[in-house]
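Shown below is the structure under consideration.
When the chains are written out, they are named A, B, C, D, E, F, G, H, I, J, K and L in that same order, and each has its own residue count from 1.
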Amino acid sequence: MDRLYKKIELVGISSKSFEDAVSSAIEKASKTLHGLAWFEVVEQHGRIVDNKITEFQAVIRVAFKLD
Amino acid sequence: MDRLYKKIELVGISSKSFEDAVSSAIEKASKTLHGLAWFEVVEQHGRIVDNKITEFQAVIRVAFKLD
Amino acid sequence: MDRLYKKIELVGISSKSFEDAVSSAIEKASKTLHGLAWFEVVEQHGRIVDNKITEFQAVIRVAFKLD
Amino acid sequence: MDRLYKKIELVGISSKSFEDAVSSAIEKASKTLHGLAWFEVVEQHGRIVDNKITEFQAVIRVAFKLD
Amino acid sequence: MDRLYKKIELVGISSKSFEDAVSSAIEKASKTLHGLAWFEVVEQHGRIVDNKITEFQAVIRVAFKLD
Amino acid sequence: MDRLYKKIELVGISSKSFEDAVSSAIEKASKTLHGLAWFEVVEQHGRIVDNKITEFQAVIRVAFKLD
Amino acid sequence: MDRLYKKIELVGISSKSFEDAVSSAIEKASKTLHGLAWFEVVEQHGRIVDNKITEFQAVIRVAFKLD
Amino acid sequence: MDRLYKKIELVGISSKSFEDAVSSAIEKASKTLHGLAWFEVVEQHGRIVDNKITEFQAVIRVAFKLD
Amino acid sequence: MDRLYKKIELVGISSKSFEDAVSSAIEKASKTLHGLAWFEVVEQHGRIVDNKITEFQAVIRVAFKLD
Amino acid sequence: MDRLYKKIELVGISSKSFEDAVSSAIEKASKTLHGLAWFEVVEQHGRIVDNKITEFQAVIRVAFKLD
Amino acid sequence: MDRLYKKIELVGISSKSFEDAVSSAIEKASKTLHGLAWFEVVEQHGRIVDNKITEFQAVIRVAFKLD
Amino acid sequence: MDRLYKKIELVGISSKSFEDAVSSAIEKASKTLHGLAWFEVVEQHGRIVDNKITEFQAVIRVAFKLD
């Protein structure tokens, strides 16, 4: 087989935006995983406190290459 | 039972962005509903007029605490 | 935000047809809700008694404008 | 049309079990809604604190008859 | 019949954001298609190179009016 | 390979009924496409104006044979 | 246990309409099955010949009581 | 082929609990079917009368070995 | 109604391949059922023993004509 | 935007196997479409005649680059 | 980013009940994972031997905090 | 609890076939994981270069026993 990837599911939480939640999750995951190749947005939800969105929660799947 | 929440489905429409559609819907909903706790993005679509996006439409579910 | 809609889920039951179940549900809902704008058919099922369909049950979501 | 039902979505939370979350949600909902007729379990999840399940969260849809 | 629409599926790719991927896809599609009316976001994923998101990929369905 | 079909997605809109929306869409599509072979109903929704259904919207997929 | 039902999946085909496909399937099924109680519409599709719908195909699930 | 299984869909109804609805359905099915091998819970819903759950309805698929 | 079909769900298990699991299931089913007309692949999974695939399991739905 | 792809849905039919249905569909599509980039298998079904599979039908989505 | 969670998928098997399968899986997982925060029930199925349920199998997703 | 399994998601890529992609992924995974027990095919897609399929990509979930 040419290549093999593993996909893991992460939930990134940001106080700014969904895209910040996604990119921060990937940035943090890259510190312990090598060969990150792609991601998929699975769900988008968030927390509301005092009528304001205080957390943007992005559920993503991230794929990385196995050697 | 410790707590009970009700979830309602809203469609927020913004001329700016999906996140504005989401946050404006929540802000407006908070004027008549107390105890908003979380939201979930269900669908994202929009209207196109003269080849431009004129409406970002975000279907969300919003949960609030029942006393 | 330009506009905000709320969607509710109804189950209309008619002895005639699915379309009667849908249109009757909307007609009845319009007596207490203003600004009905669109509907979506979610499920279609029914009851059988003595080998005949006695109820057409249409699950619909109806959206109406919030002021 | 013979009858019309409305379905609402609730999230019941119990420290005991999923079935307690469901039945308590229905019991509490029945205090303000008349004509509850059936329910559907949509999701089952929960919270974990110190390696123990502290909340059973049951998302249900409850249908009640509109007059 | 009053009107007829056709929906096509596009995958827009942007180095900036999901919303740029969506709006650029619509802008480019509008050069060959007349009567674009609405769009729906179907999937959101992306490519990662050297631990950074280099592509935001938005799968959308775009509807346009047939004469 | 014996045969190859292409499926396209259409949204037929009728003021009369869902089945009229479906059959009119197919009739109109047949004017520019040859070899229509089957269709599938994907979604059924509609527009409401002044408490009445003014549009039945049927999303269908239509398959036709490629030579 | 109070009662037990079995659900079977049928595909009714009618040259007239989806509702005729559904009701004819149930009528025919009732000749060999006792205690039919309810049905659910699962899919709606059809065949096109010479640009006309020649078959309405309704996939339904039918439930009947087991003694 | 090593083995062949058939799956059927049952709806068990119990006044006690979902698990009683499941196990009673399997117990009753086993009286006429040999070689039951596994089951899958498909849906969980129930009936409410006078603000109390009077029926737990479990839709399950049961697989049994064909000789 | 022109015709009526029944669909049943089978799980074919083969030590060779998914397509052998499918075709063997159909061959075996044809010994007791007349008028098999089409099949649909629903799921594909399998068993692993000692790091090798020992079973290819194909869940299929098979339709046959009722007289 | 860096790139734009269009996805179309094809149904390839082969008397040999699902993979032949897929690869033949792509080979035939490539005669009129440039820049084919990837495909996705959406459904797998087939026709049965005289207790044998006579057609393997693969529904696929094929993406190609728009200039 | 405020926080990052990872979700893993487990299949707990109990001879007693689905809830025992869930809670035992979480208890066992907590021995090697720190910061378990929530779980979601994904599927419920089981094994039948001699007409009795011998295994309750609960597929769950468990989320835990990454430092 | 009798047993506990963990499921991981892999993407195997083969230049030959989907089944080679599946079996190679399992073979490679077995070098670092003990107790592989079953797998499920989740998605099947591939890459096209110069009008030919150059990669068969199989997304699978693989379950293995935790001690």
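The definition used in the following text is that a contact is a pair of C-beta atoms (placed from the backbone, for glycine too) under 8 Å apart; a residue touches a chain by one contact, two chains touch by 3 or more.
None of these values were measured; they are calculated from a predicted model.
Between chain B and chain G, the least number of touch steps comes to 2. Distance between chain centres (mean CA atoms), chain F to chain J: 22 Å.
Per-chain Cα centroids separate chain H from chain J by 38 Å. Centroids built from CA atoms put chain H at 44 Å from chain E. In chain L, the residues that reach two or more other chains under the touch definition are 8, 27. Screening every pair of chains for touch gives A-B, A-E, A-K, A-L, B-C, B-D, B-E, C-D, C-F, C-G, D-H, D-K, E-F, E-J, F-G, F-J, G-H, G-I, H-I, H-K, I-J, I-L, J-L, K-L. Note for the complex: chain K touches chain H at residues 17-18, 43-48, 51-53. By the touch criterion stated above, chain H contacts chain K in their complex at residues 19, 22-23, 26-27, 30, 36-41, 62. On chain J, the positions that touch chain E within their shared complex are 1-8, 61, 63, 66.
Across the complex, chain I meets chain H through its residues 8-15, 20-21, 24-25, 27-29, 55, 59.
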